[in-house]
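Below: one structure in structure tokens.
Note that the chains are named A, B, C and D in the order they appear, and that numbering of residues resets to 1 at the start of each chain.
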Amino acid sequence: MSAVLEVRDLRKSFGGIVAVDGVSFDVNQGEILGIIGPNGSGKSTLFNCILGQLRPSAGRVHLDGRAVTGMRPCDLNRLGVSRTFQLLQVFPQLSVRDNLILAGQEHRGSMLSRLVGPRDAGLAPAADKMLAFFRLDHLADELAGGLSYGQQKLLDAAMAFMAGPRLALLDEPAGGVNPTMLTSLRDRLKAINAEQGATFVVIEHNMDFVMALCSRILVLAEGRIIAEGDPAHVRSDAKVIEAYLGH
Amino acid sequence: MRLSRFVLALSTLMLMPAAAAADVKFAYVGEISGSIAVSGGNFRDGVILAVEELNAKGGILKQKIELTLYDTQTNPGVARAQMQKAIDGDPYVILGPIFSGNVKVTMQMLQQAEIPHIIGGEAAELTSLGDAYLFRTSFGQQIGMPKIANFIRDELKAKTVALIWVNNDFGKGGRDKLIKELTARNIKLAADVSSESGQVDFAADVVKLKAANADVVFVYSNEEECARIMREARKQGLKGPFVGDTTLLSQKTIELGGDAANGVMGHVGLTADAPLKEVEEFKARFQKRFNYVPDHNGLKGYSGVYAVRYVTEKLGKLDRKGLAKMMHGLTITPKDEPGILIETSWDNTGEIDRISFLAEVVGGKQKITKILPKVGK
Amino acid sequence: MLADILQLFVAGLATGGIYALAAIGFTLLWQTSQTINFAQGEFVMLPAFFVLIGMGFFGLPFWAAVLVGVAVSILTLGLMFKKLMVDPMLHHGVLPLVIATIGLAILMKETVREFYGADAWPFPPLAAATNVTVFGAAFAVQSLVVLGISIAAVAALQLFLNKTRTGRCMQATAQNPTVARLLGVPVERMILYTFLINAALVALASLLITPIYLAKFTNGELLGLYAFIAAIIGGFNQVRGAIVGGLLLGVLDNFTAVYISTQYRLVVPLLFLIVIILFRPQGLLGRVEERTV
Amino acid sequence: MRRRKTVVAGMALALSAAFLLVAPFLFKPYGIFILSTWAVMTIAAIGLNLTLGYAGQVSLAQAAFVGIGAYITALLTTKGWPFWPACALAGVACFVTGWALGYPALRLQHHYLAFVTLAFNTLVYLVFRNEEWLTGGIYGISNVPRPSLAGWSMNGAHAFYYFCLAALALVSLATWCLIRSPWGRAFVALRENPMRALSLGVDTRRYTLMAFALGAGLGGISGALYAPLVQFIDPTPFALGLSLNLLLMVVVGGSGYFFGPFLGAIVAVLLPEWLRFAQGYYLMGYAMLVIVLMVFCPTGLLGLADRLVTPAAKAVPAAAREVAA
């Protein structure tokens, strides 16, 4: 198993506060890695450092063995790393289809081709396929702003896969999604993982969701990895329980 | 409060539709708002006063004068639009603009439309552009400045001059002409300080003038700025003599500058303080009508209207071409037309010639020390 | 030479004091209600005319007219401005309000010009129009008074903001309305206060400068721009910054005029402004604005 | 619902187009001149709408670009250059300057950006006024020739009006294509949520600069037309006032709506002329109307129209509609 993503002693401190404190881990081809941990344990900061939204204070990030530390998010994304944010982020003023086309358009052709080429950048079919896949096809022409929260959450995830990423980092995809939506979301993710062989890293609070989705789980507390392993193992780990229940 | 303004606007509002087609159409196209609204306003009020007087006396050739006002906002683009609007109204003559830039952008149109225009602009080149329908109401800087240069050389015996001028077409134009005349009389320019119109703090400028310590300080700006400059100059104990043209010695400057204005001297092309019966009476009438003291632009507008009246009556018919033809090389004296206020002649470029004055401000009053003859004599 | 420098310095400070008074208004309004008031210059121009109307039209004695003028200013430029213009637009972002204030600026200028005429009117001075001479540099008592009063005003305001409960509430509102509201601060009232204070400050500025500027409808044009620049240089979110920015600007402007160029006297302040924005956007004394993206 | 909108819009569009074509026969030269001015200003406003309405960058320097365009054209054509290369050069020069000026936009919160552009505008104005050897300074440049198209000259009021109209049509078409292209989508994304756009591979830096440069370029084109329209230019029209006025056009018309600038320019250019019957009061009336308009529909005229046509739905900037397939 080759590592898609290697993170080595990643540190991020804001002034005095150390948010991420020397985290190292690998993400292997095709796996779904879960990252859990109590609030403020540095999960999202970790993501932002990996993805260039924040510049890490120290440490290295490698994608397919290539150093990508501090690379701009848009360049990283073009290398096949996509993400979702903890807070839902779609473009309410664009139609659902356009949200997806936007998510894909920057990955093909040149700046110029995007100016003179077709207005859907030849992505409309792909977008509709993705919509059908996420059961959103009936909403294609609605403005994203008009969708229900759950639907927007699906769209948000769909956008992350539009460009067919090698690696997708999902920050609390299940947050605030109702149970029925939740199952369909989980199925979709599993399906993509199976069909496209895409690799996932998922931050999640919803234990059942993570346990059902992920093959391997990292537990983060106070910026450090305190446990690692398959769901069953992690669930029974003393340190984890302590971290969650506190002293 | 300018209630009069309000009333006037209302009345024009009501009269405009009522105005009979037979009326003689006059149009004022000038700076009612924008950076030189003061001069434009004076000119306009002069025109309004003259028109009201004439209409009271039965108008021109027994026809009432219908006056329409157009505001250029001191902006060439707007000026062009407004001039076009005025031309579309097919007026007999057009008075204004005052801002030379606006004259320049509109004169071609008027030339094509063959409408005489009585302008307030003083920039030198205006009369040199071969516009057969353009007539000045006060002479261009190329006529004023030589007189001043002579005054500086002969009366003041100065070798060096420190110059402060306002950076607009009026100030810049005057500066360029003056410098030309001074160098011609090999008088040196010790300081050349530009200032903004509407500038308030002249501390820096006066420091520069002081540093130059020249025989003469020449102040060439709008009335308010002149007043402020003088105040600051007195404050910093800048020694004169202070020389200027019309504006520096104008009533407004004296009123705003207070004691600081005392002792300034110079050349006055046209002034509401000229020691002439007609001018004094005009000043009184103007003040009564608009309750403020007119500057020379008031006289310009007023005499302009009367010049047109005089020529038209002489022609006996409304004839634009004829009017323009007759005004070239014409001399009008207060005897044959009191409204002209001061004997005035136009050459065939539309340039104007008048007597002018050397004056000095004494005890808050402008005192004429010498009357300079017309250039033509 | 030294006298000149002193001369320029003090003159600059005096002018700067005025910029400061107007600039504080900017910062206050921005802090509490994200209002960028493009009519601030006209706000300074107008109160003097209220006074002149009081004297000319209703024949009041000067001091009475001043009191009335200030009262009217606070009513119109403070209360009415807030209730009639700012409130309806508060939740539609900065731009519509900016446009509306641009309109307001035109309205004020044109109204004054139409009813009071385009020429400048003398205005009774608060202090004797005499000069004092120190080390060969002459200062108008007026401008020294201006400087003194504006610094005093700012100091008083600082005191009010830091020492009184209301003042602290206002600062809380300025820093983070939501939190302030949670802490039980009557945010709405605090915002209103800032508008009233702004109005009072511009009225004061108006009374201080008009004897020197002369009452004229265009007085606001340059002043607005300068106050604007001063506010940014000093720190758009710092009352203290405004005074520093104002004084600095006044002095800078004067020295540029003498030692660099009168035609380009505005350039140095502007370049300074750009440099500040690029390398210290929070201004000389400003806090970094912590906005959650 | 969206259908109904398109119908209404379509009809309005057809009517106004027809009106603009026959206008010269309804008006005197004055009216035609004003309409030409409207067309020229609309082009500048379209540019600003691109920068502000679509990409969400507040620029107060548009007047500077109009000025640069006007001066380049005036200088070259008075020296005997034909109009077209001059106009092209004006556009390119402004595009480049805009690109350069855009760099601050990359690191500044939007209101700070507004201040930088404001300073830039004033600096450019000072250069126009003081560099007499180049720009003619205070005296300005007179007798700017009007262009000629394939032999026949555009000297007459009618001819030049149609010329400006054609230019406006071209610019509108180009802009329309632009905002319907993937770029338009990226611009909206930039305005709505730069961070998310970035994470989706949108090179926000490059698009921001583009939005700025394109807006500036259109400003230059508009200036290139302004010079021969008035046939005389001096620094005064290109001071900060015009930038604010253009901003007003965009916001009043409806920022982020394709047709916003057209309406905005009507308000800013034509409305004052209609009000002139009120003599000295026309500017007051104008200011009053602007204030009231902003107070009652901060989203601009088209925002209001949106709400009227689709009362139920919350008004959504047409940026969405144009880009929505």
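In this section, contacts are C-beta pairs under 8 Å (C-beta built on N, C-alpha and C of every residue); 3 or more make two chains touch, one makes a residue touch a chain.
Only a predicted model underlies this, so the values are computations on that prediction, with no experimental measurement involved.
Undergrad: Report the chain closest to the protein's overall CA mean, measuring from each chain's own CA mean.
TA: Centroid comparison flags D as closest.
Undergrad: Could you please state the distance in Å, as a whole number, between where the Cα atoms of chain A are centred and where those of chain B are centred?
TA: Their C-alpha centroids are separated by 75 Å.
Undergrad: If you average the Cα atoms of chain C and of chain D to get two centres, how far apart are those centres in Å?
TA: So the centre of chain C lies 32 Å away from the centre of chain D.
Undergrad: Taking each chain's centre as the mean position of its Cα atoms, how many Å separate chain B from chain C?
TA: Roughly 36 Å, centre to centre.
Undergrad: Approximately how many whole Å separate the CA-defined centres of chain A and chain D?
TA: Their C-alpha centroids are separated by 41 Å.
Undergrad: Where in chain B do residues touch at least two different other chains?
TA: Residue numbers touching two or more other chains: 5, 33, 35, 167.
Undergrad: Show the residues in chain D shared as contacts by 2 or more other chains, in ascending order.
TA: 129, 195, 280-281, 283
Undergrad: Residues of chain A that contact two or more other chains, please.
TA: Within chain A, no residue contacts more than one other chain.
Undergrad: What pairs of chains are touching here?
TA: Per the contact definition above, the touching pairs are A-D, B-C, B-D, C-D.
Undergrad: Along chain B, where are the residues that touch chain C in the complex?
TA: Spelled out, the residues of chain B in touch with chain C are 1-2, 5-6, 33, 35, 37-38, 40-41, 167, 193-196, 198, 200-201, 203-205, 207-208, 210-211, 223-224, 227-228, 235-237, 252, 255-256, 258, 292.
Undergrad: Give the list of chain D residues in touch with chain C in this complex.
TA: Touching chain C from chain D are residues 52, 58, 104, 107-112, 115-116, 118-120, 122-123, 126, 129-130, 195, 240, 244, 247-248, 251-252, 255, 280-281, 283-284, 286-288, 290-291, 294-296, 298-300.
Undergrad: What part of chain C is in contact with chain D in the complex they form?
TA: So the residues of chain C touching chain D come out as 36, 38, 84-85, 88-89, 92-100, 102-107, 110-111, 113-114, 225, 228-229, 232, 236, 263-264, 266-267, 270-271, 273-274, 277-278, 281, 289, 291, 293.
Undergrad: Under the stated contact criterion, what part of chain B meets chain D in this complex?
TA: Those in contact with chain D are residues 5, 9, 12-13, 16, 32-33, 35, 69, 71, 74-77, 80-81, 84-85, 87-88, 101, 104-105, 108, 123, 167-169, 172-173.
Undergrad: With touch defined as at the start, can you tell me which chain D residues reach chain B in the complex?
TA: 28-30, 33-34, 37, 129, 137-140, 142-143, 226, 229-234, 236-237, 273, 276-283
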